[in-house]
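I'd like to ask you about the structure that follows.
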Amino acid sequence: MDPVAVPVEQGLALAAILFSIGLTGVMVRRNIIIILMSVEVMLNACALAFIVAGAKWGEADGQIMFMLILSVAAAEVAVGLGLLLQINRRVGSIDIDETSRLRG
Amino acid sequence: MSDQQLVAILPHILLSALILIQMMVIAFARNLVTTVVISIIALVLTGLAFIPVHSLIPIVVTPLIVLDGYAIFYSGLILMSATAVTLMAYDYFKDREERQDEFFMLLLLATLGALILVCSSHFASLILGLELLGVSLYTMISYPRKGLLTLEAALKYLILSGVSSTFILFGAALIYAISGSLGFAELATIGSAENGTGELFLTAGSALIFGGIMFKLSLTPFHMWTPDVYEGAPAPVTAFVATVSKGAIFAISLRLFTSSGLIETSSILTGLSIVAILSMLAGNLLALKQDNVKRILAYSSIAHLGYLMVAFIAAGMVGGGMVGGKVLAFEASSYFLFAYFITTLGAFGVVTIVSLRDHEKDAGDISNYEGLFWHRPLLAIMFTLTLLSLAGIPLTVGFIGKFYIFTAGVTTTLWLLLLTVIAGSGIGLFYYLRIIFAMTKRTDASVSEIEIPLAGGCAVAAISAAMLLFGIYPAPVINLINNLIA
Amino acid sequence: MSTELFPFYLAATVALVSTLLAVTRYNPTHALIYFIISLLATAVIFFLLGAPFAAVLEIMIYAGAIVVLFLFVVMMLNLGSRGDELEHQWLKPKMWVMPSVLCLILFFELVYVLSGPSHPITGTAVSPKEVGIQLFGPYVLAVEIASMLLLAGLVGAYHLGRRYLSDARGQS
Amino acid sequence: MNELIWLVPLAPLISFTIMFATQGKLGKTPVAILGVGSVGLSALIVFSIVFSWMNSGPQAPYIYTVASWINVGGFNPKISFHLDGLSLTMMSVVTGVGFLIHVYSSLFMEDDEDYSRFFSYMNLFVCAMLILVLADNMLLLYLGWEGVGLCSYLLVGFWHEDLNNCAAARKAFVVTRVGDTAMALGLFLLFMHLGTLQIQPMIEAATQTWVAGDTIPTIAALLLLGGAVGKSAQLPLQTWLPDAMAGPTPVSALIHAATMVTAGVYLIARTHGLYLLAPMAQTAVAVVGLATLLMAAFTALTQTDIKRILAYSTISQIGYMFLALGVGAWASGIFHLMTHAFFKALLFLGAGAVIYSLHHEHNIFKMGGLRKKLPVAFWSFLIGSAALTALPLTSGFFSKDEILLAAYEVNPWFWAGGLLGAFLTSVYSFRLVFVVFFGEAKTEPSAPAGPRMAVPLIILCVLSIIGGWFHIPVDAVFPVVAESHHDQTIAIITPLVPILGVILAYLMFLRKSLDFTSLLESPLGSNLRKFFFSHWAMDWLYDKVFVMPYKTIARVNQSDIVDMVYEGIANITSIFHYLTSSTQTGQLRWYAFSMVAGLVFILVIMLGII
Amino acid sequence: MQLVALISVLFIGGLVAWLAERRNHDWPKWVSLITILLSALLMIPLFSLEPTSVPLGAATSQWLLVYEAPWIPRFGISFLLGMDGLSLLMVALTLFLGLVALASSWNEIDHQPGFFQFNLMWTLAGVTGVFVALDLFLFFFFWEVMLIPMYFLIAIWGHENKAYASMKFFLFTQISGLFMLLSILAFVFAAADLTGNFTFNYFDLVGLNLDPDLAWWLMLGFFVAFVVKLPGFPFHTWLPDAHTQAPTAASVLLAGILLKTGAYGLIRFTVPLFPEAAMEIAQVAMLLGAIGVVYGAIMAFAQDDFKRLVAYSSVSHMGFVLIGIFAWRELTLQGSVMQMVAHGLSTAALFMIAGALQHRLHTRDVSEMGGLWKDMPRMGAIAMFFIIASLGMPGLGNFVGEFMILMGTFQVNVPITVFASLGLIVAAVYSLVAMQRVFQGAPTADRNLQDFDLREVATMVLMMLGLVYLGVHPQPVFDMVEPALTSLYQLTGPMHEWVGAAR
């Protein structure tokens, strides 16, 4: 199936909006899970941007980048959730503010 | 892939293979000494594997990897640093965590990531190298799981680093969207051919990428994670973050921005200059009355990366008269990083040794160092040397590094930046001297309990010796850099 | 606006709304489910853009593996409602103001960049085969490196997730 | 004999060095022998030179070069001595009177534990003074000049355990240093234009370069006058001398009467060639002299401290010498210098004998009737006062008479002023004599001093009387003054006025037939008296104008206002530190926020939106 | 090679002294003594050398010895040492005062004597290096090297406020030093553009025709570094703190030789390298010098801390040097050199006295002193000598220096000379007031104080003889530095003419 003639700018704009939403989530939320999820939202936005760009050129590179992002996301999530478990075990909370001691 | 290309990536293949071997060994016969020995062997062999590569450079291995003198130099630095960190980590973890072996494996993985970074010529390898380095580091930072601080540091680093990676990715996507290319070198040709919108795309993309890179380099205003991570992470890991991670990322960003020609855009240069000035000032001001040595070193690293940016910016300036701006800028940043590497390793080596006493918390507070001069003079002298080197005082390698920064700045007439370097160095002296002064206090403090371990002690001693040697007679390193880079 | 683009806009709207809901929910489980919806919508867009392989991977791996991993962890933690209440107290509307403003600026800057003459996509669909050829051609090293990356993630997750031997012994 | 000239200053110097190096380890006898003997040796040499000069008649100046000193870029002063009539006269006075005073001191200071230190300073002083008068160039002269200032400081503050003495000593040094600095500037000016500081060539060059009335020689001469004024305690730098009486009495005799204070006179006489080129400066010399002599005379009238009276009389007498120099009577000035040295040393040593016998009593109104008990002192005083007053046939008569007559030639007002001064001089001198030695005894003196103090007094008595007949060998040095044709009346009035003064003093203080008490106690009278007593309020004025502001500035600025700039920079830096470190909150969301803000910022800049 | 040996002996001696401490607490000071004597021995043959023919611009040669070895060829940096009469004199002064400093600390240092001697020797080595380095990079290298051991001397063995003082000292000198580094580099690159030759070599850099604006800025960088070190008004405020807090030996070195490096730098580098630019700033520099003379004297008058007082007197005295250098006439240059040497001796002695007083009384506050002459007549007499010397008494070295400076400057700028001459008066005021407050008056308490012992007297007498010698027979010193100054003087042709024409 041939791709729909979506203007590249609009595709990228969608990615930018998703990116911004994810970013806002990181900046606002206290729940570590949701913060991690917000990072995933941002990664997903990047993936979308690559797919859009790849579609523009009709090349496989965009999709390949998408796959690489996928593996990056997987690795980060694995470690992030591991950390989360460990923090919950030590602090008894997954509130980012309650784990914050380093400052100054 | 031709034979030559295979030989060219031999170091990386070797390192990967040894990581797998190490994993096997850990799986079947868990033994700390064996693990560490394998690590060292792996690092040394990888280093040796660069020797045959040297005769092939420059060589392109798939669009992702390019091996040239530049990459070899930084690979060497990374391997040196990784070796030193391995030795320090051995002492540090010996009595700490119940299972230490995975740490060394992660260390090798992170090193592999850094090696890939410095020779990448494509956004794919850039991202993967970055993430390989980052993902390994998250675990390394939080490796002693009992300490809350380590977990907090790792979490902060993980989230913020993830965000910064998305910056880079999004920027790369924008650039790809306009240029149709993910390789750095192709950008140079396409960028100029595009119309006005393309220009904006490129600039916006590179701004995003630069934002991400600035985070990893802890440049102001992306620096805030640095002190927390430095303080929270175990001392050897901090050394790794400060040297390998930052060094590799600096190397790749310099390559990215110069080979793509992006850096020659004047608005980008303006942005870089502002960031550099802010970093020098903020880093030094933040450290001014700080009482935690690890945080001081963190802030000082912010400032140092600011100094380094002077050479970075010089690389984008035209002119330079006799010595050629670009070559000199590369040379300057390479030497400065070399100096910064061994100095930082020395500093964290000492912090590691001093931290060995207390298994709960690293020796952060400045009071831990009082009287060190009289009870452990050698250690104190080594620390003094590193601090003086950080301050850029002669007899140490840091001086030559700063000299290079000045040189690069002067040839490209970056007067404002250089004046900021001077102001920053002035403020910097204050807190370096404060630590030295604390060490010379006459107390009968508990520092006399400190025992200098064999592995870490040797590493720090060797580093100090190098600091003095290349501070007084830098010609060999300069020649090496010139052979490899110029 | 041609009808041809309608599916795209529909999917985009779904993605936007669900993502917004995902980051604003107090309950992490709800948030994750909205995120899955967002991912599915994105997959549709991928498909529309001529990347069917990517669309499949998006659903299988992103939504199916990664987010499910999240859900497992949420269940493992068994947080109850305390966290939600805390989050509720904390998330006053004004907390959103500054970050949103900042993100809006960022967004508009990007829009400023994108606001040139439009470039509709003209290419053809990239088949999975083509992707595979590329992946194991020029990008073969990337695959290798990605494997090492996953190894690092694996080792890290193993180390962090594992209980202390001493803790385990104490419990048994 | 001339070749031995180097030994003249060297002998006291060696003696000084020995005593300084031994730091009081020597016994008193060796010290006395060394201290007195060295000056004696110098005196001996000087007088043998004088004798040979007398025999051989006028001689050309003799220059003896000891060593080269500095030779840089055309500036090459040598350590060399210039021997001519003027320096010979000065040397005779210095070594002769100096020797007598040394002899006297050897007894006067006998009870002092710092005997050796005293003589070391005295010897150093003699050495410096000899260098001053012998110097062939202005730099060497300046060395001696500062040297005597130093010794003056050391000797006035000799009893340094009393801080008042130290303050007086410091004042002496600092005030004269003001003049010295002016003099140094004068030397710079002369060197700049003439290229040498060697006195004779310099004067010759000056006469070739300039004509009389040029600006530069006038400025130079005025600057040199500044130096002279400081050292010779003339207006406006005379305030140090009365305070300097805090030193031991022989010191006052030697330094503040006979020799050092006359250095200014010597300087002007030595450089008279320059003053001839600067008539304005020369007039200034005369005016300064006249003003000083009157002012000091009025002040002396009201003083009660025996040494302070003598001190003001010194200032006054040096005023006469300045007057002489100012009117071109160079030789008369030097002549008065010599006679003044005799009788002033006599007066001071006599006063010393009185003070010595009265247990350091200085107030003349607590003395009285000492005529019988201290005959030597009495006669000394009588003869000294007579000479000071210039009663006929005393040495002072000859010299002062010459000066007054010469002054008349130039300007009758100078003469009149000088005459008024002479009148006042006789009043206060004989007030002193009458109050101290006549009337009833108020304090019982101890035994009079021994022969070592008496003999110098007697010798000086003789000199004070016969000194007027000496002929000083300065004819070759100074330009010939045309024979004066003064009025006979003037020549008669001049010597009569002092006698009138003596009579007035007699009536007031001995016979007490004239009583001015009511006049003195009237508001005007008592204020005027206070005014005179405080030496025309000069100390008060200087204190308010110079000392207090200086001290205030110094105190206010004790912690260095410049440093505040740097402290300010440091504080601002600290403030920035606290500001920036308050951003390190440890909150993840703030960190993310800062990253995004940074990104926005970077984008704004890089995209060139701003 | 002699020069290399000279510096190495000091560096190595310092290390040996440090190591010797492990054997015996008393050995380090003996090692230091031997080291200094050894280097003095190495210096003796240098005095008989005749100038060789090393070309320096168009001027006549002045160099006794030159040594060159490659160092960092990438930038044309070489290990270039050269000694002329000026350097020789300064090095001789350095070693002599090193000896004095050693003597003054002989019994004073109980804490870590090995490290103390190490720092002492390394300071001397650094200063010696500064005086003989002719490669600009090497010069800067030594310039910085001498700071660190001095910092340690103050920071470790200093008095109550040592942290503040040592920090201030380091910050001032280091920041100003960085300005110099900036200037050096910019200069070298500008010169490379001009000559096509990339070098830090003094001989190659002298006498270039730089762009005047650039030269002015370059000159300023050098000027600031040297004037801070000198220290000239208004950069002097580090000095009182550093001097006050430093141990005696460090004060002696600081006042005696470290300050001289600033003056040396001005003579050797600032003016010859940038004559026209220096000419432009000369009036300002002289004015700063004159202000320093008077201001330092007023400040000295106000101080209660004896060491602080002496420190401010140094500001005053070094102001003369600054005037003398920028008047740039043969007379004033010679005068400046003489003033440097004489001030080195007299101030070192005064600091020794201050140190001795502190050692005995445990205070530096002069208001708690008074009447000490009675207790310690030898010290009193010696102090009087040096007070007299420092207020510029003819017959002693300081006078020769000051007089020649003023006399020469008078030909260049009359108002400044007149203003600076006020310094002669105010110097008398503060010196004598200090003398009075410390030594004169009645003893305030019944103190059982130890007068100067033989070691101290011997050191003092040595310095007294030195000052007298300089005062009455300064010609050998003038002759020694004459070739050096003359050739520097000839190098700067235009400035000479200008100075001559200024009247």
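In order of appearance the chains are A, B, C, D and E, and numbering begins at 1 in each one.
Keep in mind that, in the parts below, a contact is a pair of C-beta atoms (placed from the backbone, for glycine too) under 8 Å apart; a residue touches a chain by one contact, two chains touch by 3 or more.
Just so it is clear, the structure is predicted and the values come from calculations on it, not from any experiment.
Looking at chain A and chain D, the chains in contact with each of them are B, C. Counting hops only between chains that touch, chain C reaches chain E in a minimum of 2.
Central chain (C-alpha centroid nearest the global protein C-alpha centroid): E.
Across A-C and B-D, the chain pair carrying more C-beta contacts is A-C. The greatest centre-to-centre distance from chain D, using averaged C-alpha positions, is reached by C. Each chain gets a centre from the mean of its Cα atoms; for chain A and chain E, those two points are 65 Å apart.
Remark: chain B and chain E have CA centroids separated by 42 Å (rounded to whole angstrom).
We define each chain's centre as the mean of its Cα atoms; on that basis chain A and chain B are separated by 26 Å. The geometric centre of chain B is 31 Å away from that of chain C, both derived from CA atoms.
Counting partners per residue, chain E has no residue that reaches two or more other chains. In chain A, the residues that touch at least two other chains are 8, 12, 16, 22-23, 26-30, 35-36, 52, 54, 56-57, 59, 61-62, 64, 68, 72, 75-76, 79, 82-84, 86, 96, 100-104. Shown for chain D are the residues that touch two or more other chains, namely 581, 584, 586, 588-589, 592-593, 596-597, 599, 603, 607. Interface note: chains touch in the pairs A-B, A-C, A-D, B-C, B-D, B-E, C-D, D-E. Residue ranges of chain A in contact with chain C, taken from their complex: 1-14, 16-18, 20-25, 27-31, 33-34, 36-38, 40-41, 44, 47-48, 51-52, 54-64, 66-68, 70-79, 81-86, 88, 93-95.
On chain E, the positions that touch chain B within their shared complex are 70-75, 111-112, 115, 137, 140-142, 144-145, 147-148, 151-152, 155-156, 163, 166-167, 170-171, 174-175, 178-179, 181-182, 185-186, 189, 192-193, 196, 198. Residue ranges on chain A touching chain B, taken from their complex, read 8, 12, 15-16, 19, 22-23, 26, 32, 35-36, 39, 42-43, 45-46, 49-50, 52-54, 56-57, 59, 61-62, 64-65, 68-69, 72, 75-76, 79-80, 82-84, 86-87, 90-91, 96, 99-104.
Only residues 321-323, 373-374, 377, 388, 391, 393-395, 399, 403, 406-407, 410-411, 418, 421-422, 425-426, 429-430, 433-434, 436-437, 440, 442, 473-475, 478-479, 482 of chain B touch chain E when the two sit together in their complex.
Per the touch definition, chain C reaches chain B in the complex via residues 109-110, 112-113, 116-117, 138-142, 144-146, 148-149, 151-153, 155-156, 158-160, 164-166.
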